[in-house]
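Chain naming follows the written order as A, B, C, D, E and F, and within any one chain the residues start at number 1.
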Amino acid sequence: MLLHLSTWAEIEQYLKRSRAIVVPIGSNEQHGPTGLLGTDWLCPEIIAREAQKSADILVAPTFNIGMAQHHLGFPGTISLRPSTFIAAIGDWIRSLAAHGFEKILFLNGHGGNIASIEAAFSEVYVEASFAKRHAGFAMKLANWWDLEGVGELAREQFPEGHGVHATPSEIAITQWAFPDAIKSADYSPKIAPSGPIREALDFRARYPDGRMGSDPAQASPEKGGELVRLAASSLVRELNAFANEPLPG
Amino acid sequence: MLLHLSTWAEIEQYLKRSRAIVVPIGSNEQHGPTGLLGTDWLCPEIIAREAQKSADILVAPTFNIGMAQHHLGFPGTISLRPSTFIAAIGDWIRSLAAHGFEKILFLNGHGGNIASIEAAFSEVYVEASFAKRHAGFAMKLANWWDLEGVGELAREQFPEGHGVHATPSEIAITQWAFPDAIKSADYSPKIAPSGPIREALDFRARYPDGRMGSDPAQASPEKGGELVRLAASSLVRELNAFANEPLPG
Amino acid sequence: MLLHLSTWAEIEQYLKRSRAIVVPIGSNEQHGPTGLLGTDWLCPEIIAREAQKSADILVAPTFNIGMAQHHLGFPGTISLRPSTFIAAIGDWIRSLAAHGFEKILFLNGHGGNIASIEAAFSEVYVEASFAKRHAGFAMKLANWWDLEGVGELAREQFPEGHGVHATPSEIAITQWAFPDAIKSADYSPKIAPSGPIREALDFRARYPDGRMGSDPAQASPEKGGELVRLAASSLVRELNAFANEPLPG
Amino acid sequence: MLLHLSTWAEIEQYLKRSRAIVVPIGSNEQHGPTGLLGTDWLCPEIIAREAQKSADILVAPTFNIGMAQHHLGFPGTISLRPSTFIAAIGDWIRSLAAHGFEKILFLNGHGGNIASIEAAFSEVYVEASFAKRHAGFAMKLANWWDLEGVGELAREQFPEGHGVHATPSEIAITQWAFPDAIKSADYSPKIAPSGPIREALDFRARYPDGRMGSDPAQASPEKGGELVRLAASSLVRELNAFANEPLPG
Amino acid sequence: MLLHLSTWAEIEQYLKRSRAIVVPIGSNEQHGPTGLLGTDWLCPEIIAREAQKSADILVAPTFNIGMAQHHLGFPGTISLRPSTFIAAIGDWIRSLAAHGFEKILFLNGHGGNIASIEAAFSEVYVEASFAKRHAGFAMKLANWWDLEGVGELAREQFPEGHGVHATPSEIAITQWAFPDAIKSADYSPKIAPSGPIREALDFRARYPDGRMGSDPAQASPEKGGELVRLAASSLVRELNAFANEPLPG
Amino acid sequence: MLLHLSTWAEIEQYLKRSRAIVVPIGSNEQHGPTGLLGTDWLCPEIIAREAQKSADILVAPTFNIGMAQHHLGFPGTISLRPSTFIAAIGDWIRSLAAHGFEKILFLNGHGGNIASIEAAFSEVYVEASFAKRHAGFAMKLANWWDLEGVGELAREQFPEGHGVHATPSEIAITQWAFPDAIKSADYSPKIAPSGPIREALDFRARYPDGRMGSDPAQASPEKGGELVRLAASSLVRELNAFANEPLPG
């Protein structure tokens, strides 16, 4: 069930049978010579929307702009400051909690988001902690590549040159979903360099075409489809387990 | 041209021929018994994506959560605080300006966003104003219903019961774009009441089914298609005029 | 009744007969070659103080610095950032609400304030909305030029060259109140240009003497007096209607 | 010279002969059974406006709402949070500095403002300090009761029962300026108690009529006039000395 | 009792016999040619830790970085912005209050902290004041040099050249506690200049070796020991008096 | 070299031979029935101070209060909100960078800090990224348990029941450094439970004595000494490698 294509009355009904929701969250940032700028928000959106086709789960609109300051040296990247990102995630959570959602799972598509998302959760919880009361709801961060079985499949598909940015697995997923937007380029070197992440100009100097440790040439729509189907079914299991956890207090 | 389905290198090329970009911006909030929760961000997204099919304009990802605090009494609404919204709009602008975009047009789908978007523009400009320097870029707010000819067409289509929230025109647009998600309900009263907007509980007490002044039963996919086509062509003209304005300094 | 010339005990008494208050709010900014820097906070102050002479209404101190970033290219302008302005309006409201004021009418004298004032109202209301409780108070924004009959009178007095900044109507009001501070200058062109509003240097380049679309030479103390008297009586009616509105919850 | 009754062109001229400005700053808060709510912003306004009658100094609009959280237990008090107050003072300073003002003297009328005003100065200076550059301007805080000779005169006028809040000296000044708004009451006890300052309810419990250590019955318009004249002439000297200080860098 | 060397269970026990705690707070900043960068946080830490050796009082970890923006022209200085400092003090207070501490005494070692600490207290209290409820706890600021008898002893020890920064008394205290870290230098001039405090470059230009008005050559470990012992016993008395004050509400 | 026991002139000298500094950073929070509240800031402080005894490295004062909201259910815990923590880390970095430090290594002692520290780094870098300039400095986060060889040693020392909070390794380190503050208790169960981390009351309900997955009874001062010596030498190597990395731009 897609929240944005539902009416408020349908959500009111849904809340009678479940208090759980999935929020796809990602980033809009450069993904090397061939990766789409939307890759990191498209992947969790694609997986979550696939998942809701065959399970009674609710998918929120996609939180599409995240913490991508290090990619700002490449045109098309849009980034929030961590402090803005934390405030915005907090307001999404406060809105959903006001309606009675008790389990909010953020399905994340960008490694650079992890720290700020976790900080955002703590920023929300601390209000309850200072006040010595129960929050009444809980959040969970799940990166799509950490869903059960997904990492194994990706390692099998791409035993070498998976890397950490503009990876063949994420590019394969977008190829599967947007076959008309498949791009090609000569990669040089074949496998991109690795190293630390600092500010945008430093990043572009270290990683001239935007890739980090990856060889995206290995991506294919078929491999993407395999990843999406596996991730979608793991997501449903993970969300159901989370939904069934008792909340103390 | 859709930014999220492009590579950074394609945007680098685009910037050589244009410094203008459209950002669809809306809200995810209740739209009465039959309106989709995503209506206000779907409408500008639909119009902007239609527009780029036949013109060389660039469309950013959609800013889908806005200022909808007054709708929080209805499940499914997600709202940013104005201060969060202003900070986030500012970071989008700073990101785009860092790449050299000089004309950023926000195509807005939610009346409740207008004040905060304008405040956000001033919050960005004031940095230049305090420092006595030129900003180097300019923003414009365009509500889709204010695009040339659109208001006239809507008044013609819906001479009575257009109202201001859950209007037949916005619902028609989503019907055209999402024919599988058309909902129906008995509206009572036929035309919803009008009045002031305050906090969420006050709103729900005044407007029990979420509509304000509107009779959405008049919506049809056909009327939606007419609105989209007209709005899309007006948007292209408005963006081009904006792109061609000289920037002092 | 002027709050600042009252004691706390007198306000305690007032609250037994009314829960409504008027806050004059404006801006301190350039008003062309002859307009006073204080014009935009003086006008609502003059009108509100006139109104309380013959009606039992309470007038707060004047909120005299608003959002005027675009005028910072002209000496004497003082501006808050929108975020500061929103925070400050919020604290005024929280203070007044703590005393039991339930209807807070901001009588505004500056168009550039409107967006930030409305955002500020939402920023206050959202606390109640996130918490699913009633606010217990309501705010209203009334621009003095929108008070009943005032626009009509101004159009009658100044059928041409009223414009939108450094208008003959606002200058007339300050002339009536401060006859010793009437300034004169040759205006060239007679009617100032119009256009968009961006950062301060852009503004000064477009509007070299500070006026926008106006011909202030038409102002006179007599016309100012007419405007003040009409606005004052309309304000009393508008405040009383607002005071009498029931608050749900 | 009163900034708010001047045009921008007059301020542009003034800046050619002086880079100094006085900003009256105070608070709107309860002042015991007979003190006006506006006392703390009226006093510096009265003194500064008196001073500019006979000296070529420039007086800004009055910053009339300060840090008065502890007085919120008494109706009519309006307070900013310290963080809001600091942000707002910063924006006033940034605005004035953008015009070339190099010496900004805040003439303060409220003891409870001192900490936040000094913190605000540091908040502005730290931007230059982090960036290892000169600020290019300087601020000074002057409480009107600390102006040369003023404390001595007040002690002479009120050897006993001066106290620290709702003092006879500040009430005398408002009596001189607003003879029509002189209030009377029986004070019991004659001299109010003293003690610490905490949150508003604690304050009202400790100081039931709002006074702290004072006997305002001793105030008279004549004594007020003496204080104003002395303070005004001391202010001119202090401002001139400040204006003449060289700025390093 | 040192909080950081205790277990949570020991603090739970302590709270059954006392609701008071001491927080040493200072700054890490240049202290002239011979003063330690840690002087201002070491002094209150040394005194508080000495005090708890012979009295059942609880000492929190030291808040070691304060508001020292004006010292940033000298290497080794670390400063918070006032706004950050205020937020952090607030979070310490909220944490301690959540455990039931009702009397929180900040033992301060840096004059430049005073304004921001007081602003921080008001920032915490205002939440209760806006909500018309009791805070349930109280804070007190005590500068170590203002503890009973300490100023007198310092004036006796250093009748001349005590000054206000890098004073012989604070340096003596660190000499007593860290005899291995005693430094020496030729001071020129013997007594440092005095003047205003602005941004960092201005400060370094006025006070080239970092001292203000002081002659630290007079410091000795013996004098430091005398000051510590006296301050420690005064601190215990002051804390006990504060602990015994009833809290209204 | 300990910064807080140095003079500014000594740091000025140090900066001529190195641009690197270590900042011990931790948290003050419950550590089970026997762990010290200071454990998480003491461990990195102990290791860093040990390291500087035999190497020419500079150690800053300890950042002793971190993000520990989930431990606030246990008395003695002090926590910053993530947003405050991020602001404070930013100000430390800005201060150190203003002096010319180019490599700032945070030696961390608390897992709960990691997200906020990384978010803080991005919050600082983004200023350079938005402005399209190089930062001029770089930060690194190193958890003491991740220093080369340390994890292996801990697993060897505590093959079972190491856990993630109140671990025998961190308790051993504080036992080695503070032998007079060794506490004992009966642990039940021997190995504490594991699970998710949410707000404070939830945490205390899940982990009644504060431990997570650990059996601290295995700690001993000797094992602590081994860990400290190994960690100290690894820290020196890691800092030197970081110091020698070239900075682009």
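Everything that follows uses one rule, which is that contacts are C-beta pairs under 8 Å (C-beta built on N, C-alpha and C of every residue); 3 or more make two chains touch, one makes a residue touch a chain.
Nothing here was measured: the structure is a model prediction, and the numbers come from that model.
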Query raised in the report: If we look at chain E and chain F, which chains touch each of them?
Result: A, D
Report summary line: Per the touch definition, the chains contacting both chain C and chain D are B, E
Report summary line: Greatest Cα-centre separation from chain D belongs to chain A
Query raised in the report: In whole angstrom, what separates the CA-based centres of chain D and chain F?
Result: 46
**Report entry** Interchain centroid distance [CA atoms averaged], chain A/chain F, Å
**Finding:** 29
Query raised in the report: Of all the residues in chain E, which ones touch at least 2 other chains?
Result: 72, 79, 81, 83, 87, 95, 98, 129-130, 132, 200
Report summary line: A full list of chain pairs that touch reads A-B, A-C, A-E, A-F, B-C, B-D, B-F, C-D, C-E, D-E, D-F, E-F
Query raised in the report: Where on chain F is chain B touching in the complex?
Result: 129-132
Report task. Write out the stretch or stretches of chain C touching chain E in their complex. Result -> 94-95, 98
**Report entry** For the chain A and chain F complex, residues of the former touching the latter
**Finding:** 67, 69-70, 72-73, 79, 81-83, 86-87, 112, 114-120, 122-123, 125-126, 128-130, 132-135, 138, 140, 196, 198-202, 205-206, 247-249
Query raised in the report: If you look only at chain A, which of its residues touch chain B in the complex?
Result: 3-12, 15, 28, 30-38, 41-42, 60-65, 72, 74-81, 83-84, 87-88, 90-92, 95-96, 98-100, 178, 181, 183, 185, 200, 210
